[in-house]
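What follows is a set of structures for review.
What follows is subunit A paired twice: with subunit B in the first complex and subunit C in the second.
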Partner chain A sequence: MLKSSRLGAYAFLAPSLLCLALIIGYPLVSAVSASLYRWNLMSGLHRWHGIGNYISILTDPATGQVAVVTVIYTVLSVVLELALGFGLALLIRQGLARKLMGFPLMRAILCLPVVIAPLIWAFYFRSIYSPQFGFFNIVLGWLGLSAVPWVNSPALALYSLVIADVWQWTPFMFAVILAGLLTLPGDVTEAARVDGASFRQILWRIELPLLQPVLLVAVLLRLIDALKNIDLFIVITQGGPGTSTEILNFYAFSTSFQDFQVGRGAALALIVFVIIMVLVMLLLASMRRFSRAESKA
Partner chain B sequence: MKLRLLYIVAILSCLIAVLPPLWAFYVSLVVHRPSGGGLGFDNYAEVFSQQAFWGSLWHSFATAMSATVVSVLLGSMAAYGMTRFGRGFNRLALVILAIRMIPSIVLVIPFYLLFRNLGLLDTISGLAVIYLTFSLPFAIWMIRGFFAAIPLDIDEAARIDGASSWTVLWKVIMPIATPAILTTAVLIFCFCWNEFLFALVLTDQNALTFLPLLMRFVPPQGPLYGQIFAGSTIYFIVPIIAIALIRKQLEGSFTAGSVK
Partner chain C sequence: MNEAPRLSKSALTRRTLLKGAAATSLAAGGLARPAIARDMSITALTMGQGIFGQPLVELTPAFTKATGIKVNLITMGYNESIEKQVAAFAAHSSAYDVVQIDSIYLKGYVQAGHLKQLDNLVPQAQLADFFSDIPPALRQMYSADGKTYGMATVANCQRLIANTVHLKAAGLGVPQTWDDLLAASQKTVNPGAKQFGFVAGTERLIKAFSVWLPIFWANGGELFDAKMKPIFGDQTGVDALTFLLELMKTMPTGGAAYTEADETRAMATGLGTLDPVAWIPDAIVTASPDMRPNLVSAVSPKGKVCQAPVMGGMGLTVSNYSRDAQAAAEYLAWFNSRDVQSKDLVPHGGQPCRNSAWAANASAKPWFPAVAASLKVAKIRPQLPEWGQIDSAAGVQLSRAFVGEITPQQAMQNAQKAADGIMRDAGYY
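Presenting the complex of A and B:
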């Protein structure tokens, strides 16, 4: 019985597993093999290079700059999203808890940016940042201030992209944290309040520790997504000015499809892959711990 | 917190959230006529008159729809296999979740090289197959959660009446899970609808979807924002309507999925 039921399970799983093995397994193997060649699609050069691509990436002085840009972009975006998302979630929860008019609707409106295609969002911000007719510089003009070269200065461009990322994805953090807050056991906080705990004490001592697993999962999800972001870079800066916004993912893309060095590009893409898979392992581990804690409760 | 302050901050946040799309909507309405500027629907008329716009909308829709249907069907079967035969398949479920997170960049290079050899570049079916790399794992993961919540007694009752597992899945479980599966389908459709990198690299003319089409509205002297935003406004209304339809369901599943 057990054996036949196991067979039954695999009969239903087989189509999906077969499909995934083909469309995930094949490209991964093929990417590894491509990364071992000096391979240029324009010149037709295709020669065995061993781990030469990896060595040249690791020894290239430009790589350090790419790493710094990638870390600044992802960490800064996610930290800001966490802080703002948390604040917004507390705010909207206040309104929802008091059953104030309009708050359910505002909760929905705040989530709107997440639904818009990141590429379209990138065009929004390219336009908002444009030097003469962009929204920001028009507003600065009204206020009598001088225009700011949002994405045209190497010092500012990366931070302008962080703003665009934060603007779109804070709502994601907000939605997840609010959902977490709303499902916290009300009786515990109520008991603390009766005992005279202040709002701040309840937040730091009770709610934050209870929310910690949700926050960890949300932060890891956003880190993974921020590392994968490419639309902003393709549309707004193309890695420039100079190399000031050359994030690793975009670097892999431009090496492969603008310089047509697919061997080196594949090596870079595999580095992105490994970094993301490490984060995914952390994510899965924290989710498991989380579900175990939940089943105990 | 004071009631008034609460409202002010909340409303201000909402305004900030919708500012970029509102700005874009405004830009899409600005017209430059020889007789002088103003607001009007000229950009919309211009975009609507282009064959490529309607073609790309169809390509986006056809690709997203095919990927959605295939992933929901295969995903339901896999989810049934994972929840109905005694074993938990917890580890497999985590592997499937990990697959969903694989960055597109590492897949797009091999697919580009493969499709170039197979002549599958610039086809809707080729692009739809690639969308399965993220939509199928997502479907399995989501539907597995929904199926696990359906009591096994229901299957057993049907089994006693002589139904095979195949019949139980399609005639008993699927109808019960329809709202949840529709939610999953809408989300998958939106992911595919908003996907850019694969579409940019793998389509060109015959299967060009809407988002890579936008890149062609960027001549060297700068993007044609009016037309880009006129098209985008039409484009993003689709996911907004879709999500609005399943909003109640989504908020519910958010709650069910997080801490008790």
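Presenting the complex of A and C:
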């Protein structure tokens, strides 16, 4: 009986699994296969190279530079989003708790950037960062300051892209952290307050540890997203000026579609995929750990 | 009593048969009548605006009216179009029948088998007439191994755009040599008045290399030796880059990574004075009525050896994976016909490729005389399948030099090394 119901379950799952296998599995296998060849889209060269692409990527000094830029962009974006998101969540929570006017509306407005498609957001910022005619430099002009080459200077371009990313995705952190804060058990914090604990002590010793699962999930999700980000780089800087904004994902894209080296590009894309899968497994493991801890409690 | 004569069974059968045959033949005759509209449809991937895209967008309905072939026109910007066509070709996709391509990619696409040969698709008489009416260079750019794979459609090359008011205020005329241009750029810089000298698109994809190339060629530089080994990292190459970096010091803020849009707007608003490597006339087209008369076009400056604006242009090709190559070829032939080139292309924003069309429209636009003169001296980039990759790889290194990441010597060495790797991989030596 159990066996037949299990078979029945598999039978019902089969169509979905088949779709998933086709949509995810086939491109993945195709990418792995491509990465084992020297494949030039322009000249038509297509010959077996084994793991040669991976060796050349790992021994290329340019890869090191790309990795550094990727780490700086990813870590800086996520840290800033976490800090700003947390700060905003605390502020809005205080306003909601005191039933101050406008805070429910503010909570909704703060989430607006997240609903804009990333590609459109990138086009907004390309215009905003224009060296002569962009909004930021026009405002600087009104204030009597000289124009800043936001995305035209290698010293500033990466940080300008971080600003664009943080502006869009801080609301995500804010929404997740606020939801976590609002669902914290009130009795624990109330008891601490009665015992004379300050706001800082309650936040640091009680609320943050309780929020750990939420924060970890939010950070891992954003790390995965930041690693996958390509819209800002394609639309605004194309990896330049020089190589100052060449992150791993964009490097994979440009290798395939601008340098026409599809095999090497596929290998780079798979490296990004492996890094992301490691983060996904970390995410799943931490969610399992927290859920086990919760059920024990 | 008269009775209607009873018809015999066989007579009935004969009558019925005759009636049926008459009805059938009428119906068949109706079916055989030629259809007014052909039930054909093609998809074309092209630019959407400017000299390359506007005529295609505006004239495609006229093509459909003339031929009955419906066209699904997919338009996008230059960079996006390259990425789209490369992806479609790699997947052997039949998504596009007609693809507008930059001539620098044609040889590569042909070698990889992505383009259909046109000699069998376009009537010989039409092709012969076309070849007799275009500069030989344009035929060379769109053919490989003696076979035709594209039709030039929109001929183009670099030209100089100058702001005569800025120059006159500095007591200067339009510079004729690169040295004069540098001097003029330096003299016309006035950051307080939001006025700068040299302007060019310098972004690393496609732009960077073609800003350096006219200076290099004008001073006698050679890209390859007799064995097709890249030699452009020599002293002439380094000197050209060093000279370009001097010019870039007179650019507006952010000049090291200027897009074509930045370049166009800088000239159109009077921010820049001299753009010697302008590919498109959009600075003049989009300038305000007050600014427009100040902007003139001229042939690119001369170096130690010659004037060497880079030949460009975007032609139409038929994808090898097209479902209706014949209809696609008709699209190409129509846009490159004498009538369309001479009478329709220019009023709809284009630049012709036929000599007769240039003669018929000599003064149609203020920049046409300069472009026509530039086309006579323009140099073609090497007709190699690998050129697109070399352009891209070298562009990255030049971009690094533009922003001071590396020295001109390092940039040219790296660029030459990258090109050497590409040529070696391709089996040239």
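Throughout what follows, the second predicted complex is superposed on the first by the 296 of 297 C-alpha atoms of A that agree within 3 Å, B and C clash if a C-alpha of one lies under 4 Å from a C-alpha of the other, contacts with A are read in each partner's own complex, and residues count from 1 in each chain.
The rule is simple: a residue touches a chain if its C-beta (ideal position, glycine included) is under 8 Å from a C-beta of that chain, and two chains touch if they have at least 3 such contacts.
Just so it is clear, the model here is predicted, and its values are computed rather than measured.
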{"item": "Side-by-side fit of subunit B and subunit C on subunit A, or clash", "value": "clash"}
{"item": "Subunit B versus subunit C as contact partner of A:I224, first or second or both or neither", "value": "first"}
{"item": "Which partner, subunit B or subunit C, touches more subunit A residues", "value": "B"}
{"item": "Which of subunit B and subunit C A:P113 touches, first, second, both or neither", "value": "first"}
{"item": "Which of subunit B and subunit C A:I57 touches, first, second, both or neither", "value": "neither"}
{"item": "Partner chain(s) touched by A:V262 [first = subunit B, second = subunit C, both, neither]", "value": "both"}
{"item": "First (subunit B), second (subunit C), both or neither touched by A:I163", "value": "neither"}
{"item": "Subunit B/subunit C common contact set on subunit A", "value": "130, 257, 262"}
{"item": "Subunit B contact footprint on subunit A (complex, rising order)", "value": "2, 5-6, 8-13, 15-17, 19-20, 23-24, 26-28, 30-31, 34, 88, 91-92, 94-95, 100, 102-103, 106, 108-110, 112-113, 115-121, 123-128, 130, 135, 167, 171, 175-176, 179-180, 182-185, 210-211, 213-214, 224, 227-228, 230-231, 234-235, 249, 252-253, 256-257, 262, 265-266, 269-270, 272-273, 276-277, 280-281, 283-284, 288, 294, 297"}
{"item": "Subunit C partner contacts - residues on subunit A that touch it in the complex", "value": "38, 40-45, 130-133, 137, 146-154, 157, 237-244, 257-262"}
{"item": "For the subunit C and subunit A complex, residues of the former touching the latter", "value": "79, 82-83, 86-87, 89-90, 105, 108-109, 111-113, 203-205, 252-258, 262, 265-266, 269, 271, 385-386, 388-389, 392-393, 396, 399-400, 402-405, 425-426"}
{"item": "Residues of subunit B touching subunit A in the complex", "value": "1, 3, 6-7, 9-11, 13-14, 16-21, 23-24, 27, 74-75, 77-78, 80-82, 84-87, 89, 92, 94, 96-99, 101-107, 109-114, 129-130, 132-133, 136-137, 140, 165, 169, 190, 193-194, 196-197, 200-201, 211, 214-215, 222-223, 225, 228-229, 232, 235-236, 239-240, 243, 247, 251, 254-255, 258-260"}
